[in-house]
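Here is the structure we will look at, set down as structure tokens.
Should a chain be cited, it is by its letter among A, B, C, D and E, assigned in written order, with residues numbered from 1 in that chain.
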Amino acid sequence: MFDTALTTADLLFLARGAGITIIVTLISVALGTALGIAFGVIRYQVGPWWAAPLTFVLDVFRSVPLLIQLVLANAFMGVVLKLKLSGFTIACGVLTMYTAAYCAEIVRGGIEAVPMTTRRAARSLGLTWRQDMTNIVMPLATRVALPSWIGLALGVMKDSALVYIVQVTELLKSTQILITRLQEPLFLLMICGAFYFLISFPLARLGGYLERRWSND
Amino acid sequence: MIEIENVHKSFGSLEVLKGIDLTVDKGEVLTVIGGSGSGKSTLLTCINGLEPINGGRIVVDGIEVHAKSTDLNKLRQKIGIVFQQFNAFPHLTVLENVTLAPRKVLGMSKAQAEEVAVKQLTHVGLGDKLGVYPTRMSGGQQQRMAIARALAMSPSYMLFDEVTSALDPMLVGEVLDTLRMLASEGMTMICVTHEMKFAREVSDRVAFFHKGVMAEIAPPAELFGAPKDPELQKFLAATH
Amino acid sequence: DKLDDIIASGTLRCAVVLDFPPMGMRDDQNNPIGFDVDYCNDLAAALGVTAEIVETPFPERIPALMAGRVDVGVASTSDTLERAKTVGMSVPYYAFENAVVAREGVEMTNWEGMKGKTVGATAGTYEAIWLEGKVKEWGEGEFRPYQTQADVFLALSQGQLDATVSTVEVANANVKSGNFPGIRVVDKAPMVPDYVALFTLREEYGLINYLNLFVNQQVRTGRYAELYTKWVGEGEPADLTVNGVYR
Amino acid sequence: MFGYTFQWKQALARLPQMLDGALVTMQIAILSMVIGIVLAVLLTVFRRSGSRILGAIATTWVEVARNTPALFQIYMAHFGLASFGIHLSPYVSLLVGITFNNAGYLAENFRGALKAIPETQTRAGRSLGMSPLQAFRYIVMPQMLRIAFLPMTNQMVWAVLMTSLGVTVGMNTDLFGVTQALNALTFRTFELFAIAAVIFYLIVKVIQTAARLIAWRLFRY
Amino acid sequence: MIEIENVHKSFGSLEVLKGIDLTVDKGEVLTVIGGSGSGKSTLLTCINGLEPINGGRIVVDGIEVHAKSTDLNKLRQKIGIVFQQFNAFPHLTVLENVTLAPRKVLGMSKAQAEEVAVKQLTHVGLGDKLGVYPTRMSGGQQQRMAIARALAMSPSYMLFDEVTSALDPMLVGEVLDTLRMLASEGMTMICVTHEMKFAREVSDRVAFFHKGVMAEIAPPAELFGAPKDPELQKFLAATH
């Protein structure tokens, strides 16, 4: 259908870009989720006053464009602190904090969705705070939070397209490089879009399915 | 024995318990009645230490509930409580709901805990529902499971807070029957309820709460037959 | 200092712009090639280390240096005074003249024909700064900066732009490549030649000295002319000296 | 202390230019929201219309908008559409890209909100003699907009943040574009982008505060 | 006059109405009783054309409801209906709830519609709640508002579907009083209800539905006093 000059080498080149996209996403989502859970629990536990500084910092990560976060982190680490971090490290670092900022919100929402009365019932059976947290709150909060978390993970994957700005050649950047050489913008963009879609769509559907299933009981 | 001495409790500026004095003996069944907001639920949650109190003291089997040195998690094992909302743990099967606390709190083995759980569940008539998730059961069944869950900790006292209020009228009977059974077995119980018929039949004494004060306490025949407190008279007139 | 660090580490990391043919581009295996790439390789060879090419879009060249991601820039960087406040520039290693490139079907006979048209160039380049100034001066038409040189030509061939200004080398290479159908060189742009320099951190005098000498040696040994023939074509490479002043 | 001398004064001298950029950013965000809401309502109606074709159009739109990067969508609006001979200026490309994205996400929010409105509400309206359209317009839609108000606020915030992607299609008048252009001139990257970050943060706070006020004024039930 | 002739109605394979014949005259108050799922609600929604039917016909004032040519939106203005769920429009004030349909459907001016609305709201005892949002009101008040909302369209007929079933027992009285008032004013009404006392006092005739069939219809004295149908006898025994 398409008359294209695209070679196998070019496809491999694209695949490498896709691989970078996936690796950056996996690392950031894994670390960001761990941090986000910690932040979320801390925020819920210490109350709004003591959590205010943390809340503010997380809010900043949600209120400034990711591109600017990347540029600033890059400039700050390199220019100001004179740390020689690779672009890949900066990308993962910023995306981790970005993930954590959203994840903390999701975790807090999940915990708040567990009815106080259920937690009281657990405590009156003699369960300690920790036992209540691990045996009752976590499993129930996970149900509420998982669909949004899937959405977040997919969001991070899509937003990872912006790490080109710190010289990480991920999928979209690879596509642009090929467009430069081959001048087939539409065809190449379609391939790139299809890749994102094929990863994101099934997982998004899974999230929707879980949400529907778990909201029934 | 539960001894409640001059207990005061406020939420912010709202005084909900205004000096309650009450003693419940071993084996006694005490029913608490009263209008909405009169402080009945609050009293129960103070007895097992879920809420702090602002004055007075509550002593359960010689242990002062709100003393700093008291291990509340330990004390609560002695005092089972069942609430109006069923509070089933929806992510666990019926059997797991009941075995959770014995395993985590009492450190029972799985087999031991299940033995206890099956016994209590059979007792409340749910012996055939072990693997079912609570959301698949009727409210009455969930409430009976909550009772079995509390009983599995072998408590010395059971507190019931309007356990039939959230139930479909059709299902009230089965839960009240379970309470009757417990009473007949000699369990020490405090039941907050709106079911006057039940209160009359089962209780040793009935207490009437009004605006944070225990306005009257007497054996059921006396309290229902010859109420002295004018508020109680009004209350009984409205509910009959 | 940096010079020692590079020699010790065994690699020289160069910022190169890879959508700027013939100075920087990719072959059909997507490997970097071009004048700047060779120039970096020569520099590495002189230092006795291996070269590593780091691709940077135009606006990211200097941030990449500042962030410590590269050691020097071999990236056709104009030596403006504004930039010299931030980074250290070597003597010029190349000089561009700029050409006006237009799309077929846009009426234009000389550079002044751009007046009132939609024009664009690569953000942050010498010619972009000049062109934006012109558009402001004319008070009509529109200027659009794109992030990469490739996007500029893509936009031009797609008809998003009527004309652009780019270096003669880039213009000729792109017109010749046939990648962008329907574009033509119209005229030279009346600018002072765009001297471009190697750059590194401002305070690295040792390295800057070395770079200056290296540029000098490239010309002296004839390598400059050789690279010019290889990448740009027959003819004389631009004179890198300015009459009437030192440096 | 850092071995880097901050030159805030120079960067701050550019503040007026950046504030002009912030206005453009706000303008694009607001326009893309207004058009996005209208389109999202349309898409919602399409998806409920029962028509196969309209439903397929709406579903494709929503899924593509939600499952590809916004940067991709904006790039597509500029360079992709141009392959079909549709030439959009950077401003319009950015607007189209963000609006496309907004409409997709909002349509999904609206669908969720609709589920929360009992069918009996429509029935009640119909039995008062309203046509299906009247019942939707006067009874269902206002309730839907209220439930979807918080997600709409979030989408508005994202729209503001998404304007930063305009640089890839040659946008240079929005806040990020202005900052990037100044950066190319002076290379005071850290100072310039730090100021831009503060402006973005303030814009977002203003939006969130305004949304709270609007919600308070509008939804008094 | 509402004429129902041999009406059949199925949901999928489930036949819910199995040939209903019934005529309601102008000014008559008909009460419909029967067990859950017997098809009472379905009949009402068929009468105002909210549900299509599978056989037979329903004619209201000479207009066949399910004929293709019938303008249902117009017909429904004639037939007010109030459901078990209050269906207040929560985003509108009480006054706006009632004026919405007159303005949008009948094209009244705002002033005109408000005049009508205030009259009807005062009629049902909500004259002092005009600017209040429904969520701030009790269920009984919401239900009375729903009645006023239907009346504001000046319907010739009113259908009531268990309008008191979702109400707190305390609030049932006020809504039934409103229905009594309407009946005494000569409104033609079909009331589905479980309130036997109300059915006995207010109705001209009472119809008993059982499994999609109208098993018996008679004046209340006869139907309650000497039920003939064995299912009706069972039903009455269970509800008394």
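One rule holds in what follows: a residue touches a chain if its C-beta (ideal position, glycine included) is under 8 Å from a C-beta of that chain, and two chains touch if they have at least 3 such contacts.
Please read all numbers here as calculations on a predicted model, not as lab measurements.
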**Prompt:** What chains do chain A and chain B have as common neighbours?
**Reply:** none
**Request:** Could you quickly compare A-D and C-D and let me know which has more C-beta contacts?
**Result:** A-D
**Asked** Taking each chain's centre as the mean position of its Cα atoms, how many Å separate chain C from chain D?
**Response** 37
**Message:** Rounded to a whole Å, what is the gap between the Cα centroids of chain B and chain E?
**Reply:** 43
**Request:** Determine the centre-to-centre distance between chain C and chain E, using the mean Cα coordinates as centres, and give it in whole Å.
**Result:** 82
**Request:** Would you mind pulling out the distance in Å between where the CA atoms of chain D average out and where those of chain E do?
**Result:** 46
**Request:** Name the residues of chain C that each touch 2 or more other chains.
**Result:** 63, 66, 151, 154, 158
**Request:** Send over the residues of chain B in touch with two or more other chains.
**Result:** none
**Touching two or more other chains - residue numbers and ranges from chain D** = 79, 82-83, 189
**Item:** Chains touching one another, given as label pairs in label order
**Value:** A-B, A-C, A-D, C-D, D-E
**Item:** Interface residues, chain E side, partner chain D - complex
**Value:** 45, 48, 50, 73-74, 76-77, 79-81, 83, 85, 87, 89-92, 100-101, 104-106, 133-136, 146, 149-150, 153
**Asked** Inside the complex, what are the residues of chain D that reach chain C?
**Response** 78-79, 82-83, 85, 87-90, 167-170, 172, 177, 180-181, 183-189
**Fill in**
Counting only contacts in the complex, chain A reaches chain C at residues 7, 9-10, 13, 71, 74-75, 77-79, 82-87, 90, 165-167, 169, 176-183, 185
**Interfacial residue positions of chain A with respect to chain D in the complex** = 60, 62-69, 71-72, 74-76, 79-82, 154, 158-159, 161-162, 172, 179, 185-186, 189, 192-193, 196-197, 200-201, 204
**Message:** If we count contacts the way the header does, which residues on chain D are in touch with chain A in the complex?
**Reply:** 2-4, 63-64, 66-72, 75-76, 79-80, 82-84, 157, 161-165, 176, 189-190, 193-194, 196-197, 200-201, 204-205
